[in-house]
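See the structures that follow.
Heads up, the next two complexes both have subunit A, just with different partners, subunit B and then subunit C.
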Partner chain A sequence: MQVTQLILNGLMSGTILAVPAIGLTAIFAVLRFTNFALASHMTIGAFAGFLANVWLAWPVVPSLLAAFVVAGLVGVLSDEFILKPFRAAGFITTAIGSIALTIALENCVRLVFGNELRGYDLPIRRDWLVGGLRVSPQQLENLAIAVAAMTLLFLFLFFTRSGRAMRAFADNPMLASIKGINADMVARLVSFVAMGLAGLGGMLIGLDTTIDPLVGFKSILSIFAAAVVGGLGSLPGAVVGALLVGVGEELSLLILSPAYRSAIGFLAILVVLTLRPRGILGARAY
Partner chain B sequence: MTATTRRALIKGAAAATAMAAAPIPVSAQAEAIKFGILTPLTGAGGQDGPRMLKAIEAVINEVNKSGGVLGRRIETIVEDDQTNPEAAVRAARKLIEVNKVPVIMGTWASAVTSAVAPVCWESKTFLCTVSGADSITQLPHQGYIIRTQPTSKLQATAHAEFIAGMGKKKVAVIGIQAPFALSTKEHLDSVLKSKGAGVVAHVIYEKDKPTYRSEVDQAMRSEPDFLYLNGYAPDTVVLLRDLYKANINLPKFCQSYAVPQKTLDSIPPEVSAGTYTGQPSADIEGKAFNLTAARLGIAEPDSYEAQATDWASLVILTLAKAKEVTGTALRENVRKISQGAGAKVYSAVEGLQLMAQGQEINYEGASGPCDFTDIGDIQGCRFRYMEVVDGKLRFLRVV
Partner chain C sequence: MEHYLVAIAVTAGIYALMALGMNVIWGMAGLINLGLVGFFAVGAYASGLITLKLGAPIAVGVAAGTLMAAVVGVLVALITVHLRGDYLAIVTLGFAESLRIVMSNELWIANGTDGLSGIPGPFRAEAGPHLFNLLYLGIVVAAVVVLFFLVDRLVNSPFGRVLRAIRDDEEVARFAGKNVVLFKVKAFAFGTAALGLAGALYGHFTSYIAPDLFAPLLTLYVKLSLLTGGLGNSKGAVLGAVLVVFFLESTRFLAPLIPGLSAVQAAAVRELAVSVALLVILRFYAKGLLPERIEAPPLTATAAAPAASRI
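And then the complex of A and B:
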């Protein structure tokens, strides 16, 4: 029973991690660099959702939409004006630039909102006991929202022209350009969707905890681990990786003190990369 | 080319006369004394650091206005330790090597202070801190550290007495991974045992996790009747929410810095119900405490604002006593003004005035008497307990 509860807890936290992890891996698939600025976009999304939910008294779902849109728009602007010029200098320079960007953006949020912890206007509900297992209704809702967001994303990628253009570009940028796909448009689109997902993920984490300017930074290492384990560049891989990291961190409690939880994500990276250097699902984007 | 006019000359002469007539001359030419402030402006300590900084600056402003110390103004060089040992060490090196400060004050987290301390004593820089871990003053710091915060041992002993006084027998400790975690648990356990109770579970968790459901389950397996949550604000909030969700309504004890009122405001009142907090009490009936309240313009400064006030005052008075601006002078002289038979003073300005008349002084601080042991710990302290009722902190008692 204890193991089942741990797996359940792991799946729930893994699903939440999967949302921003998809964003990280999507940017890698299309733009070919690891965008650590994802962390600050999670924070921006969480605070945009906070403004909508607490100041404007919007319900949760429209607030999540606000988190997605605001973080997505900031993502497009920050990529267009800050990271795009870095890209010519290569992968490492751009990734380092994204770390600088994330610290700058995080401090902008701090300047406006300060350091204190804030909570959404949301009643906290007691867990349900289902067959001896504790299930949090809030986490179930988060799970449903995360699954819905991922489903929408996959539908977008497979059944819309823009989605197919993104996949084509991820698969072979040269060929995609020859076929007339506008590289700049694809970059903007992927930045919007990926950072929007980051914002959504930031608010989902906040719904279950509290938010402060570090909300994204605290999770970025687990998200990075999830994306790498699943196969950096593979969207389903990000989901698989996030679930594995989530469940792995929980199951580790059977033998390790909780103080070593984070080590599991990185142990998973070592094991997976040793056995499968391109991650569990490889680097194919879809 | 500018010609010196008669009017300019008269103005200059008038200014010179005015300066000469000023009651206590502060030489504009003399280089200002630099105090290094290294405190968490961000991270888990981000709620306390800025307030400590304000308290330090308030004391310095007051002293500067009344003429400075040793005829020089005091200036602060502020660095953010980010509640992160690695960032803190970098900032401390900058303060010591670039700014050449004789003193660093303001470190908050025990992990940060433990990391910064060797950098300080090796460079003969004086360090003032609020970190409570026992291990800090047991480091070979050669006298370069004073802390105004009671040790983990003093705190855990007081907390255990409070918990035992409530008639609780089985305490589960859920605490953050930090230098004080283990020693706190051991001191709690030994005091509780002497009263027929004990620690039945000890779960140490990692900071910055979005949930601690499994940790809560682990602690609850020992069927405790009381919970001791030994973390910082961000993680304690997550724990309180997880406890509420898991339908666990046990009374719980937190350090006051983990649940300040602002944090309580961010969670629904039913989640924080049944929470007790304890903190080293500022000397709330003391004269220095009232002066601090007036200086900061707030009704009731908390323990951190009181302690920060005391560091600034102690360092200023020690410099005046030593007549030398070095870390070593601070180490050698701090106990000459903080304790002993001298006239009791309650603020830096008051102390400077008496010293100027050639008197010996004994600074009595806003956080307590500020009498230090050989290793830099305070000799005793009072504790203030509060209870959270309807999401608000309600005063229980001072012990």
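And then the complex of A and C:
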């Protein structure tokens, strides 16, 4: 029974993990770099949602929208003015630049909000017991929101002109340019959507627990693990990877202390890179 | 005050050791290491534990810490050496974070978050605090000098040339019959050994290490040192380390001077200053104060000075 409860918890936390993991892998697919600044955008989203929810007393769903939009806008600006020039200089410069960027942005949040733990303003509801399994209504709501966000994203990618342009560009940048797809527009679009998802994910994680400026950095290993396990650059892979990592982290509680949760993500990265570097659904890893 | 200046000089020396090590990994081989602080921690913990728990002499501890960091470096490099560089970035970052988690939670290894205290320093009791600092400065400077010449030899050796060839174009190096994987792993091992040495020397100087000291920010400081001085250049690495430690120490005094800032905010301003400095240098002054000198290719040299010089 305990195992089923852990698997259920893992599937729920994995679904939430999938939201920022999709953002990470989307940037990798289109702009071809690993953006470590994802962590600070999660934090920015979490705090934007906090402002909307606690200071402006908005309900949770509009606050999540605020988290998406604010983190997305910051993502577009930081990519345009900071990361884009680095991309021309090679991947080491870009990776180090994005680490420096994430620490800079995280400290901007710290400057305003300090280091204390904060919680969202949520109605207190009793947990539900279904067939011996415990679920909180808030978790289910988060799950529904995460699934809805991912469904919207896939609809956007497959049924809109901009979404198709993004996929075309990820598939073959040169061919896409020849067809008249504007590379800069695609870069801005993917930065907005991906960092928006990061912000949304940051707030969803915060809804379950509390937030502080490290909320993004603390889950970055799990998110990278999700993206790598699924195959860096594959969006469905990020979802599969996130579910696996989520379940794996919960099941690890059977034998390890909860403090090791994020180390499980690292272990998953090591195993996948050793056995199947391109991940479950990824195309290639070299 | 003099005390403080000597301690800063020791810190600068330790940063210089790390910058020299990173120069081989990043500047010469073109590999990334975002988990530098993890290898630093391996050196510090290995040396601290061996001297404290086994009672080994300090020199043995430092040697063991250096070796241990290199061994871990080889393992980390081997996992990702066939893959795109991004994977090495992820694995090194993950390694440093996971190590911090393990060291914080496993009380039996090194007291968890309480850390290791009472790590012996050479002649600490006999020399008294003042003389000890000066003595230690001598040791660290000697280590920097030795490593400087080692790296300098490496740069100009055939090994160094191959590394730079790999950095500039891996395919060409492979086509020239070089075992690219082996060269990369060796470079990574050399660099991480230097990081481990720096960590071990750090532990024996401060006598106290704890997981919190090994936060990712240190990685940025060393990157900043290397970039400021000039990537791929040993003199630049040492110069950069000295400048960065000076800059860090001055922000320690300047940040509290801004009125109306709490301690947390002052710390945030400091980290902000460091990360913005790194971004600015990376963007506009990526060659640093002392840019890498690349000698003219031998082909043009022989063309300019024909047969006569070959006699």
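Here is the rule we use: the second predicted complex is superposed on the first by the 275 of 286 C-alpha atoms of A that agree within 3 Å, B and C clash if a C-alpha of one lies under 4 Å from a C-alpha of the other, contacts with A are read in each partner's own complex, and residues count from 1 in each chain.
The rule we apply is simple: a contact is a pair of C-beta atoms (placed from the backbone, for glycine too) under 8 Å apart; a residue touches a chain by one contact, two chains touch by 3 or more.
Predicted model, so just to flag it, every value in this text is computed and none were measured.
Superposition of the two structures on subunit A shows subunit C clashing with subunit B.
When the shared chain is aligned, subunit B and subunit C each come close enough to touch A:R110. Using the contact criterion defined above for the overlaid structures, shared-chain residue A:T209 touches subunit B, although it does not reach subunit C. Once the two complexes are overlaid on the shared chain, A:V3 sits clear of subunit B and of subunit C alike. Contacts of A:Y260 after superposition: both subunit B and subunit C are touched. By the document's definition of touching, of the two partners only subunit C reaches A:F224; subunit B does not. In the superposition on chain A, A:I16 makes contact with subunit B only, while subunit C stays out of contact range. Of the two partner chains placed around the shared chain by superposition, neither subunit B nor subunit C is touched by A:L152.
Of the two partner chains placed by superposition, A:A144 touches none, neither subunit B nor subunit C. Among the candidate segments 23-31, 113-121 or 293-301, the part of subunit C whose C-alpha atoms clash with subunit B in the superposed model is 113-121.
Comparing the two interfaces of subunit A, the one with subunit B and the one with subunit C have residues 110, 115, 257, 259-260, 262 in common.
Interface of subunit C with subunit A (complex): residues 26, 30, 32, 34, 79-80, 82-87, 89-91, 93-95, 97-98, 101-102, 104-105, 216-217, 219-220, 223, 262, 264-265, 267-269, 271-272, 274-276, 278-279, 282-283, 286.
The touching residues of subunit A, counted against subunit B in their complex, run 2, 5-6, 9, 13, 16, 110, 115-119, 123-127, 134, 136, 138, 205, 208-210, 212-214, 218-219, 250, 253, 257-262. Interface residues of subunit A, counted against subunit C in their complex, comprise 28, 33-34, 36, 82, 85-86, 89, 91-93, 95-97, 99-101, 103-104, 107-108, 110-111, 114-115, 221, 224-225, 228, 232, 257, 259-260, 262-263, 265-267, 269-270, 273-274, 277, 285-286.
Interface residues of subunit B facing subunit A in the complex, by the touch rule stated above, are 41-43, 46-47, 50, 177, 203-206, 208-215, 217-218, 233-234, 237-238, 241, 244-247, 262-263, 266-268, 270-271.
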